[in-house]
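First chain A sits with chain B, and in the next complex the same chain sits with chain C.
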Partner chain A sequence: MRERLIIVGGLALFLLLFAYPVLRAAVYHTQTSAPQLRLTSQGSTCVAPTDYMRTSHMRLLSQWRTDVVRHGDRRFVAFNGKVYDKSLTRTCLGCHNKQQFCDRCHAYSGVSGPHCWSCHNDPQAATAKVMP
Partner chain B sequence: MKNKPAIAFLIAATPACAGFTLALFPQARLPIAAAVAYAACCFFIVGIQSRVLRWANTPVPFRIPTTAGQQKSLAWIRPAKLDNPATGIAATGRMALEILCFRSLFRNTGARITKDRMIFRESLGLWLAAILFHWSFLLIFLRHLRFFVEPIPAFVFWLEKLDSPIDVGFPHLFVSDITFLAGVGYLCWRRFADPAVRYISLVSDYLALWLLLGIGATGVYMRYWGHVNVAGIKQFALGLATFSPTLPQGISPVFFAHLFLVCVLAVYIPSGKIMHGAGVWLSPTRNLANNNRAVRHVNPWNAPVKTHTYAEWQEENKDKLKSAGIPLEEDDV
Partner chain C sequence: MKITRKEFLELSGLSILGAGALRAVHAVKAAESAHANSLPSDSPKKQMALAIDLRKCRRRPGCNLCSQACHATHNVPHIADPRHEVKWIWNEGFASVFPLEQNGYTRRNYNGSPLPVLCNHCEKPPCVEVCPTGATWKRSEDGVVMMDWHRCIGCKYCITACPYGARSFNFSEPREALQQVNPDFPTRSLGVVEKCNFCAERLAKGEAPACVEACPEKAIVFGDVLDASSDVSKALDASYSIRRKPELGTGPNVFYFL
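Showing the complex of A and B:
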């Protein structure tokens, strides 16, 4: 009898652990909606199509980093022929905001990401700090 | 059947192909993916619970531990406490060693024929591959919680840090991805390379390995090469957890192959040999203390047998025995 109790307890524990995402979602009233991203400047086009940027922006940024830091090459010709400066601060952050864009999706997906911000500073956050 | 690996490969390739095909039908993707995932989850849970309950209801009237060391006996003979446990606590220790460290596999030996004779020696390849694969799989499984839970609990990030202690490559390499594929790869190779193992291998043995390899390959491909819409996949996973499935556009076909392979594995787990994960807890040859000589174990459903002991018989015939001069057995208490 004692063994049966242990076995049933083990099964209940297994079920509880397996249902952890369901229980946690119920307790926290988790919404399935995608993270709300905000652009600081509307209308201008990105350096690559949205679908590509959504899945592969890290590869592009990594490539830019290599080109600029190791080869001094700052010229990026985009898919539509436009020429951009390969720069996170001057090009990307012109439209995308760290807190309202990068961080939201990265936090949602649990992607710690490369260490962009250990070298680059976030212009908006920097201004906020200077002007209290 | 000669082509067991090929048959198993075809069975395992079916869900992957189904996943790639499903990606071609934007309308059918969500209902079919969600239905398959829920069905697989139900089958997984119900299957495991019912099999474990069936085992729990199987009587174990005798203590049948397999022993692999000196039994506890006289005080001056050192017992092997974990390999031949005498108490419940020692049996628990033995179980922990078995479940966490795969003690039995560590004992594996292999026979090898040298020029003139056959020698037996330790063969730790199986143990090493098994332990690499199992612990990596657990780590990968727990890391996937980041898709199913929002906000993500801190321990998931600790596990990621543990799994990727230094930033190698980009996206950062997870050690468990390598050890998982290396472990499963060795277990697969072993089935082909060792004639004795190949002889006893069944279709289902290959099937489990192909499924695991397929899951690992699609997962690794999605992380390191064919980048996918991670936030979109999280939306789908969270939708499953909140019972309001949703599927954004632009999800890679490889994801559906990955999902279906996992679903088939989840269905296969309670039906086949992967139930050793639950079975190891209920193995009477492992989880019972070897105290047969120290404690009397009575089969609980023994039928009541009418007995007539010598002591009773002697009591009844005391006078006759005395008069015949036969000595009486005294109570030696």
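Showing the complex of A and C:
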């Protein structure tokens, strides 16, 4: 009899802890939604289709890094025939704002791994340090 | 011919040893030739080089415009502490650059004159030999000794290996020591080695290195030493030049006219 109490009590505690995030959200009416991303310059096309960029931008950037640093190949011919400079600072951030675009999605999905910005510059950053 | 059991065993043992030794010799030979083939000095298409005319350089005592231009272009942090300073091209005293060329006259006339030094982009770069991650390598297309800062783990082997002191380590956060940032070139991060890249990013656009452009005396000539018609080849044909520590066999590609 005593064991049954411990078992049922333990199970109830486990279920309570397990469901805590859901219960908390129900009680406090908190809601999370994916960040609504905005582009700095609307209407222009990206270097690759949105679906590809959403899932594989890291692969593209890694390939660009290898091409530029290791092979000195800085020209990127996009899917639509447009030619871009393989540059994170100039090409990517020419349309995307780091704070409004990269950071928000990475913070939302908890991906804090890449250290791009400890060396690469954000030309839109409102710091007096950046030369025009 | 009679052979005793002892002689038979001795002979077969020696034969096995001999066959084994031959294999070992072949293996060493193959490894050595493979190593020799991997050396970047094997027929590069181009070899970029600098020739610095110190006769022109001396017209402006204390001038360091080449260094200023380079460091502004490449976001090289200015750190006053000499143990932590980071530099790509800088002025060094005659005695430490050319210790074996000294005599009473050089001491009297050249000490105190600017003598720009930088990475020599060696034919056989010792820094490349020691790098455990392949973060530094010699580009086969133009002989520039490049760095991939993404790959540098900051072990500093290359700093020890370089006989010219051309490499610096970021002991502190480099962005904090930058007054201005050129957004077109990345900064470095803490714990990474850096050095002159012969302005690889400018060469890609067909521009001359920043130091060459910045020199008001046009004392620095840049070009391909394997091309006999290049400016640097012509300058080296016209005057007697010396290099730093050629006795080490690194094959430096920065030449000086005294």
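The rule we apply is simple: the second predicted complex is superposed on the first by the 117 of 132 C-alpha atoms of A that agree within 3 Å, B and C clash if a C-alpha of one lies under 4 Å from a C-alpha of the other, contacts with A are read in each partner's own complex, and residues count from 1 in each chain.
In this section, a residue touches a chain if its C-beta (ideal position, glycine included) is under 8 Å from a C-beta of that chain, and two chains touch if they have at least 3 such contacts.
From a predicted model like this one, the values you see are computed outputs, not experimental measurements.
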Combined model on chain A: chain C and chain B, fit or clash: fit
Touched partner set for A:4, first chain B, second chain C, both or neither: first
Angle, in degrees and to the nearest 10, that opens at chain A between the C-alpha centres of chain B and chain C: 110
Which superposed partner A:80 touches (first chain B, second chain C, both, neither): neither
Contacts of A:111 with chain B and chain C, given as first, second, both or neither: first
First, second, both or neither for A:44, with chain B first and chain C second: neither
Chain touching more of chain A, residue-wise (chain B, chain C): B
Touched partner set for A:89, first chain B, second chain C, both or neither: second
Minimal inter-chain CA distance - chain C and chain B, angstrom: 11
Common ground on chain A, meaning residues reached by chain C in one complex and by chain B in the other: 115
Residues of chain A that touch chain C when the two form their complex: 65, 69-70, 72, 74, 89-90, 115, 118-123, 127, 129-131
Complex contact set, residues of chain B against chain A: 45, 48-49, 52-53, 56, 145-152, 156-157, 160, 167, 170-171, 227-232, 234-235, 238-239, 241-244, 246, 248, 250, 252, 281-282
Chain A - residues contacting chain B, complex: 3-4, 7-8, 10-11, 14-15, 18, 20-22, 24-26, 28, 30, 32-35, 51, 54-56, 58-59, 62, 105, 107-112, 114-115
Chain C - residues contacting chain A, complex: 139, 141, 146, 148-150, 178-184, 186-190, 200, 204
